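There are two complexes below, and they share chain A, which is joined by chain B in the first and by chain C in the second.
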Partner chain A sequence: MNAPAYNFAYLDEQTKRMIRRAILKAIAIPGYQVPFAGREMPMPYGWGTGGVQVTAAILGPQDVLKVIDQGSDDTTNAISIRKFFAKTAGVATTTSTDEATVIQTRHRIPETALHEKQVLVYQVPIPEPLRFLEPRETETRRMHALAEYGLMHVKLYEDIARFGHIATAYAYPVKVNARYVMDPSPTPKFDNPKMDNCPALQLFGAGREKRIYAIPPYTQVVSLDFEDHPFEPYRFNAPCALCGAENSYLDEIVTDDKGGRMFVCSDTDYCEGRQAAGHHGSLSAAPYKERAQRGSHG
Partner chain B sequence: MTTITELPPGFADKVLSAQSTFRSVMDAMARPGSVQRIVPMAGAPETMMRGTAAIALTLFDHDTPLWLDARMSDSSDVVKWLKFHTGAPVVQDSSIASFALISDGALLPALERFALGTSEYPDRSTTVIVQVESLDAGHGFELRGPGIDGVAALQAAIRPADLFERLRVNERLLPRGIDVVLVADDAVVAIPRTTRVVNKGSK
Partner chain C sequence: MADLDTLENDQPLLVAESLSKSYGRIAACRDVSFALYPGEVLAIVGESGSGKSTLLQMLSGQLAPSAGQVSYRMRDGITRDLTTLGEAERRFLFRTDWGYVHQDPAQGLRMAVSAGANVGERLMAVGWNHYGRIRDTASDWLTRVEIDIARIDDAPRTYSGGMRQRLQIARNLVTEPRLVFMDEPTGGLDVSVQARLLDLVRSLVAELHLAVVIVTHDLAVARLLSHRVMVMKGGRVIETGLTDQVLDDPREPYTQLLVSSILPP
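On to the complex of A and B.
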């Protein structure tokens, strides 16, 4: 009588089969966008419906799921999706990058190096890297078929002509396995080098646009650039204010209306791990707590 | 005549068995040359290996036209089992098949007769599932390509013996091409179109 209201991991079996077949073709053709019959999910487009469908199709009871939203385990989107799968699939969840077997992400790649037993699932808003240069799907599809990517280089060149450097800071186009130009989703270009030769499988799901694509493990991923303007990852020139990390991607947080700001790791698990290991930044959290207890607000 | 009740059963737990089988196939496709094991087992009609049956139950349905080699299509048990458990239509024209099942490598037709995909939609190609004798003993092969850290070594007894030479057609076709899944009992190895195989010719 108490039959569960949903199938395991929410999606019905026919939908999972369809998505699973698309995932297999996506892995076989690295960087190519496989169309799939995306379903409506119980969340709005833009909140990770593509990533959720990919995760639902691969997830099993043995998996340990981590969900991050711009590096953070603690934002609404990440918590909602984690709870969604804890409820519909009963899987264990974690915030630890090391312990996770499936990591669904919105716009970041964890700082901790991924390993072979992991799958990274990206939420993708607009999968077509050429879309803002050519709005017609028939044309972009033809351009991919012919590997005609001159337009993308013109776009990067226009950046240089206008700003003196390649100003594209996120969703920075990459070429996968020397064939398809691919949108890495709106990750900061700081993360692009992590996609190259990564031991983990990387899957990308775009729910509104109904596309799935993949980068198999140990696959060459090259950020597009020019000989005289090589690709450079961007990072604020500061250590993390909480853990002192000098090599992590940083968020800028405005702290008052007088120009005050602090830089902290975008990857909360990485930052907390470092603080637990005894690393401190210039604004480590403890002093703030003490001040708050004294009731002093400055 | 076999009645439905006499057909070998499908998965005991459809949902979790399909998930586990899919992960094995996905890992195989993502890491070409690595031998993955299929754990959950269903009944399988004669001429069909346990692994092949599990893959069929996991990936086939009414949306996936199937092409069967002569030995399988001649077996009414196989055709009935597939129809009852998956509902997948069996087609005569291999060029429109989503999947092809090859029970005996000697019956593998020329690869060009399968769907190769189009330049715009290279995913619309046949995945060819070939049952082989062994995936842990036999000839040595070296594999390179996406999913492989350097070189992967595969020991396999495969028919047709020139399968990997035939698959070199993928080099010319890329990004179109044929993806192959090799099955030996419960072992699975995938050779996607991007994998390049060097026959070492050694035992």
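On to the complex of A and C.
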């Protein structure tokens, strides 16, 4: 351990026990928001304090950690959380989805299919899917208890009435295990089908609101919709400009002030993996350049 | 079939038995009993503080009585004590078989979502899952309460007071309830708008065979809408009877005072 001033993975053992109890309860009642005594973390709310506490509670010395932010392994948030656990827990870190045993994510689910030995930890800003329609917490809890979810369809109705289609593109409400309506955190609705019947355990931590919820492996997750306006995942209609992928979720990158833009995979690991396997898009660097770089490194 | 209908109408829909409510030493409502039949409109009149609103809240199951009980004949024909209903059943009753029209439409409507969604909410709450059908039913109801279909996607905060109140009525009636509670539905509206609203309510009540409990301090509203009147004072019912009988030939001094306090037209 290279940080003796801290307990393993920063949180003290009593706190971890408390969080683990909340996690077990959450797994027992899929989609139900379990309150927990969220701690102050050495980072501001909104930067993943909930996800970090869940990760800290489940992390073991043998785990391999991957952290992504909007699908990317190399943004500030992802790098600092990865470093945080490398320092306080001394665990191995990786950017490879396949190798990781714990993946903490902000706003994406990796493109590579997850397997049974993995746990996906989501950072959640607002856990309550009914919040913007019903501001009273007492009332939303009662609605969950009685499974009164008509209001969720009011939101979808409003979308269709205003835009002609369900315009909710992220944080698209889902029903878990045919019981609780759940906010999947602000993942794009493109990722919703990946939650259904997923072999990996999915845990959600909301630090500011102090809630933990979960989807156990192989649980039914259904996106809400209308019979005449069914759920549709959204994707930009283009291949990735770097790896040519036709089925991955894309980021739009503005390249100049004359309307130029490129679409690239938001999942950097997936994109790099494809490029290494020889796939190329319209704007990828020429192969010889890659080889030259690799040569200079070693 | 006609016999069955008669039988249906012979049984009371809502029965209150010696209802009382006290807040500490203050008795807000004392020993109120009555039966309400299908299709009947009962007006509860009296001045502020006479216990009208407390009574209405107890009747609609929002407030537990200190003594006495309220029973309601459910759609399956079985009469049940409201206090024995579970919360889920009570809330279900509230958004299907009952309606509640608030004096302030902001309390009964979702001011930030469109009129169509306001009307459709109850349908979605009972499991309607087809956008086209929900919207058709909503536009149908907006027409029935004389709201221009072109305003279906506007939020009620852009509506006038009278329109909001009519929208609130449509939102309540969309599940075809059998009983509607109204708390001063014409309060705060100007006279001509009041008249149109009352006219609308009267025709809907007749058309849908609604039972209504309406709380009002306006005797004109009671005269126009109700079959029966209950006069309350200090938490007690002091006089009850057919509307024209009570208003034209009041027996109690207080009722006489109330009736005489209306300016002659």
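What we mean here is this: the second predicted complex is superposed on the first by the 282 of 298 C-alpha atoms of A that agree within 3 Å, B and C clash if a C-alpha of one lies under 4 Å from a C-alpha of the other, contacts with A are read in each partner's own complex, and residues count from 1 in each chain.
We adopt the following convention: a residue touches a chain if its C-beta (ideal position, glycine included) is under 8 Å from a C-beta of that chain, and two chains touch if they have at least 3 such contacts.
This is a predicted model, so every value here is computed, not measured.
**Q** Here chain A is shared; do chain B and chain C fit on it together or clash?
**A** fit
**Q** Give one of first, second, both or neither to describe whether A:Gly150 is in contact with chain B, with chain C, with both, or with none.
**A** Once the two structures are laid over each other on A, A:Gly150 reaches chain C alone.
**Q** Here's one for you: vertex at chain A, rays to chain B and chain C, all C-alpha centres; what's the angle to the nearest 10 degrees?
**A** 80
**Q** Let me test your reading of the model: by the given contact rule, A:Arg208 touches which partner, first (chain B), second (chain C), both or neither?
**A** It touches nothing on chain B or chain C.
**Q** With both complexes overlaid on chain A, does A:Glu227 touch chain B (first), chain C (second), both or neither?
**A** After superposition on chain A, A:Glu227 lies in contact with chain C alone.
**Q** Taking the superposition as given, tell me the minimum C-alpha spacing from chain B to chain C, whole angstrom.
**A** 10
**Q** Both chain B and chain C contact which residues of chain A?
**A** Of chain A, residues 142, 146 contact chain B in one complex and chain C in the other.
**Q** State the interface residues of chain C toward chain A in the complex, per the touch definition above.
**A** The contact residues of chain C facing chain A are 87-88, 91, 110, 113-114, 116-117, 120-122, 124-126, 129-132, 134-135, 152-153.
**Q** Mind listing the chain B positions that touch chain A in their complex?
**A** Contact set of chain B toward chain A: 14-16, 18-20, 22-23, 25-26, 29-31, 58-61, 63-64, 98, 118-123, 125, 127, 146-150, 174-175, 177, 179, 192-194.
**Q** Which of the residues in chain A come into contact with chain C in the complex?
**A** 133, 142, 146, 148, 150-151, 153-154, 157-158, 160-162, 226-229
**Q** Can you check the complex and tell me which residues of chain A touch chain B?
**A** Against chain B, chain A makes touches at 7-9, 13-14, 16-18, 20-30, 32, 34-35, 57-61, 141-142, 144-146, 177, 179-180, 199, 201, 214-220.
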